[in-house]
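Down below are the structures I want you to see.
Below are two complexes that have subunit A in common, paired first with subunit B and then with subunit C.
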Partner chain A sequence: MRTRKNFSLAALCLATVGLHLLTVATGTQFYLTQLTMAAYYGLVVIGLGVLMGYAGQISIGHAGFFAIGGYLAAALTTRNLLPFQDAPPVRILDSLGLLVSGQDIYGEALLTVTPWAAGGLAVAAAALVALVIGVPVLKLKGHYLAMATLGFGTIVYRLLLASPYFGEADGIAEVPAFVLLPDLAGFGPVVVSGGADHRVLNFYVAWGTLILGMALLLNLIGSRVGRALRSLHSSEEAAEASGIATAGCKLQVFVLSAVYAAVAGVLLTHFNGGIGPSEASVMKSVRYVALVAVGGMTNLWGTLIMGVGLTFLSLRGVFGAHDDMVFGVILIAVMLFAPQGILSLRLKELARRLVPGGRA
Partner chain B sequence: MSGGNEPLLALRGVHKRFGGLHAVNDIDFAVAPGSIKAVIGPNGAGKTTLFNLIAGNLPVTAGTITFRGQEIQGKKTHQIARLGMARTFQNIKLFHGMTALECVMVGRHVQSRSGFFSGLFNLPQSWKEERAIRARAMELLDFLQIADLAEAEATSLAFGQQRAVEMARALAAEPQLLLLDEPAAGLNIYETAEVARLIATIRDMGITVLLVEHDMSLVMDISDEIVVLSFGAKLAEDTPAKIQQNAEVIKIYLGEDDAG
Partner chain C sequence: MSLDLFFQYLFAGLTYGAIYAIVAIGFNIIYNTTGIINFAQGEFVMLGGMISISLMEFIPLGYAIAAAVLVTMGIGAVIEILFIRWLESPSVLRMIIITIGISILLRESALHIWGESIRSLPYFYGNEITTFNLGSVHISPQVVWVIAACAVMMAGLSLFFKSTPIGREMRACAANRTAALLCGINTRNMVTLSFMLSAGIGALAGCVMSPITYTQYDSGASLAIKGFTVAILGGLGNSLAAVAAGVLLGIIEAFSVTVVPLAFQDAIAIAILLLILFVKPHGIFGSSEAARLKDF
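This part shows the complex of A and B:
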């Protein structure tokens, strides 16, 4: 079991390097930009996959958590704190060395939060919001939980659109690069930014984050807590009778999936250099749900492959103006024809053809 | 925790009302440690409701339930389970998509500690404990003679085998008290005799058993004491031999003589 997990993760690492080499060999390094973005969206999707597939709790509001992460990181690293430099929260940040002075594009003095501190605060905020709404909302089941999380996503979207601080319909631009690590070994610093000279680096940062995220989720699923999640998915009554605090378990994984979405939001916002309200829209949340469904609810590898693959195609503009429609169609088709996910369907059919009379 | 004469489980004046319906009405009884106690009664007598009150699935309207010296009414089901109470279900509740072994491993939850972060980062505590959980679950499957089904999907097993997996899951918690909700329902007479032997063995291992059952032969053979419920109230509480001669019990089971 564990060796299989490590083998799969090693294969994913090799596939990552393979993808990079493939773009080099075919002279299509510009694909790396969309592959980087797709990896971050993949992070959202696998986090949601554990919540939906393993714990059995739907969320049609995960774009909200992505947006909390992305928008807070963007706002804190761009909005000038100079006018508020005597306010207690700003002074505390300053005394901790978490503020950075600079100049804006017009040469005006600028005081902002460092990307590390901003990202940390943004992810913590998303976790806190998940905790606060999770306590009441996770008591709901099925349709009711779906509607409540949809309501949450809508609230975040409308708040962002109505808030001048978050740039209303324009969102936030000019988000600075995020120096993850300073120049330690003479190869230059590790920076999350969309600049062409950082393209290969950012591809590996994004996929490294995705692989790390995947490894942690696979650990969790194979653990005592993961088994508890799967059990409460099937029968909360029997899980409770086995001593599992079902409410607490659901809350933990809900917060974890919100953290995944928020981390993706922070990093992608720095990579893109900005964020707009469409990232918080309900259509984005529906898309994440569709990607989990296509991958197969209880198949985290399927979720990762479909999540990254279809997002990449979407970002390349393969679906054209019908982008959102395509994901709606995918959701309907999967529910009708392959409720276990596309990959399960193909593998079973393939097995049936290859092994006549065998069980498949 | 509980002394020699102290009952393991004691119900005092337990009521459960659903609107105007007295589903359970002023029930008192106690279960001595190391004994097998059965609750019988016609359909609708309130047996399953009583079980749900004890296990914390339903709140009591009035009365107290004491388990190992602690009042447990108002506690959550998982808290009561952690005190050392395990149960099986009348309509089997195994976990979809899990093997028989994994279902039993879930039962081990209360006997293990590793939490969310320990699992997320696969800390030594987590995988060492996991190994012990797996080993103990295999032992229990072996005890129930279904070790060969360990890797089979639990919900696809035959009915009697599913009951055995449920039993193993409950035993995995190393409970002080085992609640069995109609353990012989849907079983044939040979399987029922097998279950009777099993329950006696479990009692001999030091686990106190409280069961709800329809099957009279099972109840009469193995129980130390029997509580008879009728319309939510306690009609009688005695040894099997005395219950069999109790005129009122015979009346509710066989019906009143129409001519009389």
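This part shows the complex of A and C:
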């Protein structure tokens, strides 16, 4: 089990390098931009995959967590704090060395939070919201749970649209680059930004994050917690009777998946240099659910492959004006004909041999 | 707040409340016969409005509305036959995802057929500025149409469910599907019928509200959330309580404008939904014992 997992992760690393080399060989390096974005969306999808497939809880509000991460990171790194520099919270941040001075595009003095601190705060905020929302929401089941999470996502969307601080319908632009690591080994700093000269670097940062996230989740579902989760999915009563603290388990996974969405939101916002309210829309949340469903609820590798693959095609504009329609059709078709995911169809045998953790 | 303003808000609340109630009844009809929450319910409302607006070019208003209701009922039946009828006891999660998929399909099809432009039916009587006065309160005649449509629909439905054989068969199906099957009722046909009925009701709501709220390809989603809020508030499956709950939500929303900015109005309705789900998920009129027996 463990060797197979490590083998698969190594294969994913190789595939990442392979993808890069493939774009170089075919002269299509511009694909790297969409591959980078697809990897970040993939991170959201695998986080949601564990929540839906293993803990058995649907969430039609994950775009809300993505948006909390992305929007807070964007706002904190772009909104000027100079007028508030004497306010206690700003002072505390300043004394901790978490503020940077700079100039905006008009040459005016600008005081903002550093990307690391902003990102950290954004992810922490998403985790906190998930915790507060999760306690009552996860007591619900079935339609009630779906509607409650849908309601949560819609509230986030509406609040973003109504707040001038978050740019209303325009969103937030001019988000600065995120220096993940300073120049350590003389190769230059590790920066998350959309500049053409950072394209290859960002591709590896994104896929590295995705691989790391995948490794963590695979460890989780192979662990005691993972077994508890699976028992929870098949029968909550039975799990409870076997001494599993079902409420706590569900809450942990809910918060974890929210953190995945928020991290993806932070990094993608810095990569794109901005974020708009469409990222928080219900359609985005539904799309994440669709990707998990296509990959197979209890098949994390399938979720990863389908999540990244379909998102990449969508970002390349392959589906054209029918983009949302395609996801609707996929959603219905998969649920009607292959509720275990597309990979469970003909590739069942193959999947069983190659994919660890998949119950195909 | 002056008394006049109070009544003005009250009537606005009543109007929207009636609309929400009709959407909620659509939810209830399908829920009662199948145990499914149809996430595409709001799209039926949108379709009713859009189809009647298109038909208005060829035939008079009354016929256009009747035709739109019939066409939407047909669409409801086709959807049920294609996507739901042949599934053997599907899980709740599967049904949620399928109906969400259907709502996306309908919405995107509407986008491709009618574009993004905002349309509306003309006022049934008079125009935008026609009002009649009730004391010192100004009321648009369309408000009367909406409330009357809601009342007629409620009366018609309760007559249908109580006095017609088909209505009684549908109620039997709602009470116990297996028992209904054993009594020789074709439960599958009843489910198709419930989809048609709920699509028709939604479409009629879409027509009467169109002059006031306008119709756009994506206007279904937020209506669906509010209709669901109302359905839950009244207790799922209870149509009479849904009317009371709808009026309650409409009035709360109307008066919320005096306290918070208009942009937050939707957020308030949803916050109420969450609050009810957390505190009293069986609705303010429902009993918790009945809720525990339901299939969730």
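Just so it is clear, the second predicted complex is superposed on the first by the 347 of 360 C-alpha atoms of A that agree within 3 Å, B and C clash if a C-alpha of one lies under 4 Å from a C-alpha of the other, contacts with A are read in each partner's own complex, and residues count from 1 in each chain.
We take it that a residue touches a chain if its C-beta (ideal position, glycine included) is under 8 Å from a C-beta of that chain, and two chains touch if they have at least 3 such contacts.
Small disclaimer: the values here were computed from a predicted structure and weren't measured.
Peer 1: Please work out whether A:Arg230 is in contact with subunit B alone, subunit C alone, both, or neither, and reply first, second, both or neither.
Peer 2: A:Arg230 contacts subunit B only, not subunit C.
Peer 1: Where does A:Thr28 make contact in the superposed view: on subunit B (first), on subunit C (second), on both, or on neither?
Peer 2: neither
Peer 1: By the touch definition at the top of the document, which applies to A:Asn6: first (subunit B), second (subunit C), both, or neither?
Peer 2: In the superposition, A:Asn6 touches no partner, neither subunit B nor subunit C.
Peer 1: Thinking of the overlay built on chain A, is A:Met335 touched by subunit B (first), by subunit C (second), by both, or by neither?
Peer 2: second
Peer 1: Identify the partner contact of A:Ser242: answer first if only subunit B is touched, second if only subunit C is, both if each is, neither if none is.
Peer 2: first
Peer 1: Please indicate which partner A:Ala162 is in contact with in the superposed arrangement: first for subunit B, second for subunit C, both, or neither.
Peer 2: second
Peer 1: Using the superposition on chain A described above, determine whether A:Ser101 touches subunit B (first), subunit C (second), both, or neither.
Peer 2: After superposition on chain A, A:Ser101 lies in contact with neither partner.
Peer 1: Can A:Leu220 be said to touch subunit B (first), subunit C (second), both, or neither?
Peer 2: A:Leu220 contacts subunit B only, not subunit C.
Peer 1: Give the label of whichever partner, subunit B or subunit C, reaches more residues of subunit A.
Peer 2: C
Peer 1: Please indicate which partner A:Gln85 is in contact with in the superposed arrangement: first for subunit B, second for subunit C, both, or neither.
Peer 2: neither
Peer 1: Need the overlap of the two footprints on subunit A, from subunit B and from subunit C, as residue ranges.
Peer 2: Subunit A residues touching both partners: none found.
Peer 1: How about subunit A: which of its residues touch subunit C in the complex?
Peer 2: Residue positions touching the partner: 56, 58, 60, 136-137, 139-144, 146-148, 150-152, 154-155, 158-159, 161-162, 282-283, 286, 289-290, 293, 321-322, 324-325, 327-329, 331-332, 335-336, 339.
Peer 1: Can you list the subunit B residues touching subunit A in their complex?
Peer 2: It is residues 55, 57, 76-78, 81-82, 86-87, 89, 93-98, 102-103, 105-107, 109-110, 112, 114-116, 118-122, 126-127, 129-130, 133, 169, 173 of subunit B that touch subunit A.
Peer 1: Which residues of subunit C touch subunit A once you look at their complex with the stated criterion?
Peer 2: 37, 39, 83, 87, 91-94, 96-98, 100-105, 107-109, 112, 221-222, 225, 228, 232, 261, 263-264, 266-267, 270-271, 273-274, 277-278, 281, 296
Peer 1: Name, in rising order, each residue of subunit A that touches subunit B in their complex.
Peer 2: 2, 216, 219-220, 222-228, 230-231, 233-235, 237-246, 252, 256, 298
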